[in-house]
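Shared between the two complexes below is subunit A, which has subunit B as its partner in the first and subunit C in the second.
Up next is the complex of A and B:
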C-alpha cells in the first residue's frame, strides 16, 4: 500500500493522463489515435504551457505570478502595434514580424523584471505585486486597443501561428502534411531548457533552496533576491513569447480577452504536475504533463458531449483528484 | 415556431432549404451523407456571461434537438483561444459544418479561414469575421437597433431631456449600435447626454456605473441602456438611490422579464427593442438545411449575408414578443 502511495505521489499525473486517454479510446476507438488529435493535445495549450514553465520556477521559490494572463494581452498589443507600424511597407513584412516578436519579448521581460524587483527588493508579497500587475497590465492593453481588439494588417503574420515543421509521413484527415506548430516546438524546447536549468545548474539548486527555506538559503550565501528577480523576469519573457505566437495564430489580439484566466490554467498545470505551492519542490516534466492533461480534459468532455455548463465542475474535480492523490501519498511518507 | 415570425426572411430561407430536402419534417431522420452515415455539425458559441448568451445556449440546444438525424456537438468558450481549441477539436472529430458565434471577430477569423479551406461549411452568426470566410453570415441589424431605439427615446422625450448612454462589450455589435444611436441623439440639440460609460452588457457592472452617474447628476430623464441585463442593473441603482420616479429605461434584446413589464405598462420600462438570441437557431436551421440539400447545390442560391430586422416592443405589441417558457 505504501509503495502504491509512493508511486502515485511520483507518477499520479501520468496515471491520470493514461486513464483519461483510455476513457477516450473507449468511446472513440482508434480514431482517437489520429496523429492530428495527438498533435493538438500538445499544441492547443502550448501558450499556457510556455508560461507554466516559468510559473513552475516561480512557485518553486514559494512565489506566485498572477499577472501573466494580463501580460499576454499587453505584450500581444505592443507586438501587433509594432508589426503594423513596420509592416505598412510590403517589402518589410519579415522584418516587421521579427520586430513584433522582439517587442513582445521585451515588454514581457521588462514587466517580469518589475514584478521580481518589487517582490525581492520592495519586500511585498508576490500575490499582491502580481495582483497589481494583473489589473495594471490588462488596463494598459485596453488603453492601447481602445478597449477592443487590435487587428494585424500583415496577413502573413498568421503563418507564424499556423506554421511549423511538417512531421514526415503523417497527414491530417484531409490529406495535408501534418505540421507540428512553432508554438508547440517552442513549448517543448523551453521545457527542456528549464529542466536543464533546474536539475543541472547551481541556479536550479538556488531556486530549490530559496523555496525550501529562504533564510537558510540566505545564510548559505545564496543571493535570494537575485534568484527571485530572475524567475519572475524569465516568466515575463516566456509570457512575451507566448503572446507573440498567440497573437500570430489569431492575427490580432483581443485586449479584453487575450490571456484571460491563463494565470489560473498555468497554476493548475503546475500544481497538477506535482509542484508544491509551498515551494522548494517541483519538476518541469510534471508541468508539461499537467498542461497536456488539461487539454485532454477538454477533449474528453467534447468526446462525451458533456454539457458545457458542467465542464467547469469536471475540470475542477480532475484538478482536485490529481492533487489529492499526490497529497494523500505524501501524508504517508 | 411562433418566434420565427420575427425573422421572416431567415425563416423563409430556412424553410426553402428544408423544402429541398428529402423530408420536410424536421424530425424526419432522413438526412444522410452521400457516403452514408449521419451528418456531424459543431456549434461554437461564447460562454453564458450574460442573459443574452445564456439565451443563445438555450436556443442552440433547442434548435439542435429538432434535428435528431444530425449529430450536434455544442461547445462554448470564455475567450478566443479557448474557442480556437474547441474549433480544432471539432475539426478533428470530422464535422461537416460549423455554426460559429465568435467570442470576438478578428481572433477567430484566421482559424475560420483554415476550416473553410478544409472544406467545412461555415455558418457565422451575430459577430462577424473580418474577412468573408463564412459561407453564410446571419446577423441582427445593429445599426437599426441603435437608430430605432434612439428615435423612440427622442420622440418620447419630445426632443428635450437629459439622458445617460450605457455601452456594451467592445465589439462591432456595440460600435454599430452606439454609433447609430449617437447620430440620432446629435441631430436633436435638445437631447443632452450627461454621461456615457460601459456596463459590459452585465447587470452588476451596469448597476455600479449607474450608481456613480446618479451621484454626479441630480437630473436625468431617461437611460439608453442598450441591453436588458444592463437595464435591470440600472433599475437596481435607481431604486437604491430612491430615484425611480419620473425616469425611464430603454434596454434591448427582448428579455422576457422586461417584455412582461412593457406589457404590464410599467412606467420604468415603456418599451424595449428586440435582438433575439434565437438567431443561433436560425444558423443551426440553415446549416442543417444546406447539408440536407447538398452543400454545393444549396450554396448556389443561399444568400451569403442575412440580416435580421429588429423591432420596437411597446405595450401595444408586447404580447407578440412574450415567451414565458424561454430562458431569456
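Up next is the complex of A and C:
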C-alpha cells in the first residue's frame, strides 16, 4: 500500500495520462487512435508547453513568473509589426518572417531579463515583479495594437504556423501527408535541451541548489543572482518563441486575447508534472506530460460532450490532486 | 502518589539505510536530571524524536507512568506532559514573551484575548524561572539564553512533566549556562523530569543524576551519579579508550602573511578589527556569542560589506564581492550554521561537495563519473560515513555533515580556511578527527582561522588566540600564555588589574 503511494507520487501523472487515454479509447474506439488526433495531443498546447519548460526552471528556483501570458501578446505584437513593416515589399517576405521571429525572441528575452534583474538585484518578490509584468506587458501590447487585433499582411507567414515535417507513412483523414508542426517540434526539442541543462550542467545543479536553500547556495560560492536572472531570461525568450509560432498560426495577434491565462496553464502543467512550488525539486519530463495531460482533459470533456464551462472545475481539481500527492511525498521523507 | 515516569521498552527504529535504534529501553523519572550522551548517529535524536511524538517507532513501546501509550504527533505528546526544547528554538521573534508562551493556547473569553490574564500567568512563570525580562518584551530583543527561557516557560505553561533539552548550552556563554543550570535545578525540585542531551561531558557529569550512554542505536549503560569520570564516559561512548584529544602543534613556517585584515569595521557588528595570519598558522578567535566573531569571518569572504578598513590577500588589497570571489582568491568560510547555511540538506553528498567547484567537472556537461570519483576520494580521506552517496545529506549525523562541508571547501584547495564552530554538535570521536585534520592542513601550509566557544579547543589547537568583545578584537593571547583564564578575562572584560 505504501509502495503504491510512493509509486503514485512519482509516476501519478503518467498513470493519470494512461487512464484518461484508456477512457477515451473505450468511448471512441479506434477512432481515437487516428494519427491526427494523437499528433494534436502534443501540438495543441505546445505554445503553453514551450513556456512551461521555462516556468519549470523558474519554479525550481522557488520563483514564479506570472507575466508570460501578457508577454505573449507583446512579443507577438512587436513581431507582426516588424513583419508587416519589412514584408511590405513582396521580395523580402522570408527576411520579414526571420526578422519577426528575431524581434519576438528579442522582446521576450529583454522582458525576461528585466523580470530576473529586478527580482535578483532589486530583491523584490517574484510574484510582485511578474504581477507588474502581467499588467504592463499586456498594456503595452494593447497600445501597439490600438486595443485590438494586429493582422499580418504577409500571406506566407501562415506557413510557419501550419508548416512542419511530414511524418513518413502517416496521413490525415482526407489523405494529405500528416505534418508534425514546427511549434510541436520546437516544444519537444526545447524540452530535451532543458532536461539536459537541468540534469547535466553546472547551471542545472545551481538551479536546484538555489531552490532548495538559496542562502546555503550563496554561502557555497554559487552566484545565486545570476542563476535567477538566467531562468527568468530563458523563460522570457521561450515566451518570445511561443508568441512567434502562435501568431504565425493565427496569422495575426489579438493584443487583448493572445496568451490570456497562459501563465496559469503553464504553472498548472509544471505542478501537475511533479515540480515542487517550494523549489528545489522538479523535472522537465513531468511538465511535458503535464501539458499533454491538460490537452487530454479537454479532449475527454469533448468526448463526453461536457459543457466547456465546466473545464475550469476539472482543471482545478486535477491541480489540487497533484499538489496533495506531492505533499504526501514530502510528508513521507 | 505514584511518581511520573516516561519509559520506553525495546524501541527500534529502522530507516532505509540504518537501524537507528535497536531495542532501547530507558526510563526517566520525575525529579531527576537524566543525561543522554552518545556520538552523533548513536541514536539520541531519534530516541528523542520518538519520545516527543515527532516520529513513530518501527517497534517497541512507550510508557507514561506505567501505561503503554501511542503518541500521535507533537501535540499529543505535549498533551501528555512531554515537551522538547529544540536547539532551533521554536519562538516567534515578532511576538512578545507572553504572546509566545500562549501561542496556540491563548486564553480567551468569548473569542476575545484576555491579555491581562496571560501576562499575569507569564509573570508568574518568569519569576518561577528567575528570568529578568518582562512579559511584554519582544522576543527578538532577547539573547539566545533569554529565548531559551521563553521556550522553557512555554513548556511549563503546558504542564510539561518531562522536559527534553537538546544541546541547550551549545549556544550559551558560560555565565548563561550556569544560569540555565540553576533553572534546571529549580525545575527538578518541582518534580519535573529533565532529559538532558549534550556533547559537553563535564556539564553532563555536573548536573545529571543519571546518565544513559547510547552507541550505535543501543543503550551501552545507564550510570548513576559519580560512577564514571569524563574520560570513562567518553570511552563508553566511542567504545574504545581515548588518547590525547589534540594533536601536537606544528611550527609555523613562512613570514609573509597570507591574509591581512586592517581596521575592518562592519555596520553595528565589528569595529576596527585588525590581524594577520601566516601560512600554516592556526589562529583562534574566542569571544562570547554575539561578540562579532561570525560577522567578522563572514566579511572576510564578502558576505558582509565593509564600512571601513581593508582586506589583503597575499599582499593584494581585495574588495570581495561574495563567497565566489573570495573562493577564487583562496579564502573559504565554513559556516557555524551547518544545516541552514553549510549544506543544501535536500541535495546528496556528491552534489554538496562539488557545489562550489562544479564548473571544474562540467564542459559543459557534468562528468558525473569523475565527480563521483573525486567525492569518493574525500569520503575515504576524511572517513565520512555515508550509507549512500545519493541520499540527501539531511540523513547524515552531525559529524559526517561537518565532514561533507569540509570536503566541499578542501576541494577548492584554499589558502585560508575559516572554520566557524567546526565541532559544534559533533561527537567526541569525530571531534578528534577534525582536530587532526585541521592540524594536518596547517602542517601542509594552509592558514586556518578557528572560531570557537569551547576554550579547550582554542587552547589545544591554535598557535594563538584573538579575543573579541562587543565587536572589537580586545586582545591577542600568544601560545605560551594560552589559558582559559587569560581568554575569559579578555572576553568578559575583566581587567587583570
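FYI, the second predicted complex is superposed on the first by the 329 of 333 C-alpha atoms of A that agree within 3 Å, B and C clash if a C-alpha of one lies under 4 Å from a C-alpha of the other, contacts with A are read in each partner's own complex, and residues count from 1 in each chain.
One rule holds in what follows: a contact is a pair of C-beta atoms (placed from the backbone, for glycine too) under 8 Å apart; a residue touches a chain by one contact, two chains touch by 3 or more.
These numbers were taken from a predicted model, which means no experiment stands behind them.
> Given the alignment on subunit A, is it a clash or a fit between subunit B and subunit C?
After superposition on subunit A, subunit B vs subunit C: fit, no clash.
> Report for A:183: first if it touches subunit B alone, second if subunit C alone, otherwise both or neither.
Neither partner.
> For A:173, is the partner it touches subunit B (first), subunit C (second), both, or none of the two (neither)?
first
> With the two complexes overlaid on chain A, check the angle at subunit A between subunit B and subunit C, Cα centres, nearest 10°.
130
> Considering only the touch criterion stated at the top, classify A:138 as touching first (subunit B), second (subunit C), both, or neither.
neither
> Using the touch criterion from the header, give the chain among subunit B and subunit C with more contacted residues in subunit A.
B
> Once chain A of both complexes is superposed, is A:147 in touch with subunit B (first), subunit C (second), both, or neither?
It touches subunit B, and subunit C stays clear.
> Considering only touches as defined above, state whether A:302 meets subunit B (first), subunit C (second), both or neither.
The first partner, subunit B, only.
> Examine A:283 and indicate which partner it touches, taking first as subunit B and second as subunit C; both and neither are also allowed.
Neither: A:283 stays clear of subunit B and subunit C.
> Between subunit B and subunit C, once the two complexes are placed on the common chain, what is the minimum CA to CA distance in Å?
Nearest C-alpha atoms of the two chains are 36 Å apart.
> For the complex, which residues does subunit A have touching subunit C?
Interface residues on the subunit A side: 196, 200-202, 205-206, 208-209, 212-213, 215-223, 280-281, 333.
> Which of the residues in subunit A end up touching subunit B in this complex?
On the subunit A side, the touching residues are 34, 36-37, 40, 44-45, 47, 146-149, 151, 158, 161-162, 173-174, 246, 249-254, 256-258, 260-261, 295, 298-299, 302, 305, 308-309.
> Flag every residue of subunit B that touches subunit A in the complex, lowest number first.
Counting only subunit B, the residues touching subunit A are 47-48, 57, 73-76, 78-81, 84-86, 88-94, 103-111, 114, 118-119, 130, 169-171, 198.
> Touching residues of subunit C toward subunit A in the complex: what are they?
Going by the criterion above, the answer is residues 303, 322-324, 326-327, 333, 335, 340-347, 351-352, 354-356, 358-359, 361-362, 364-366, 394, 408, 412.
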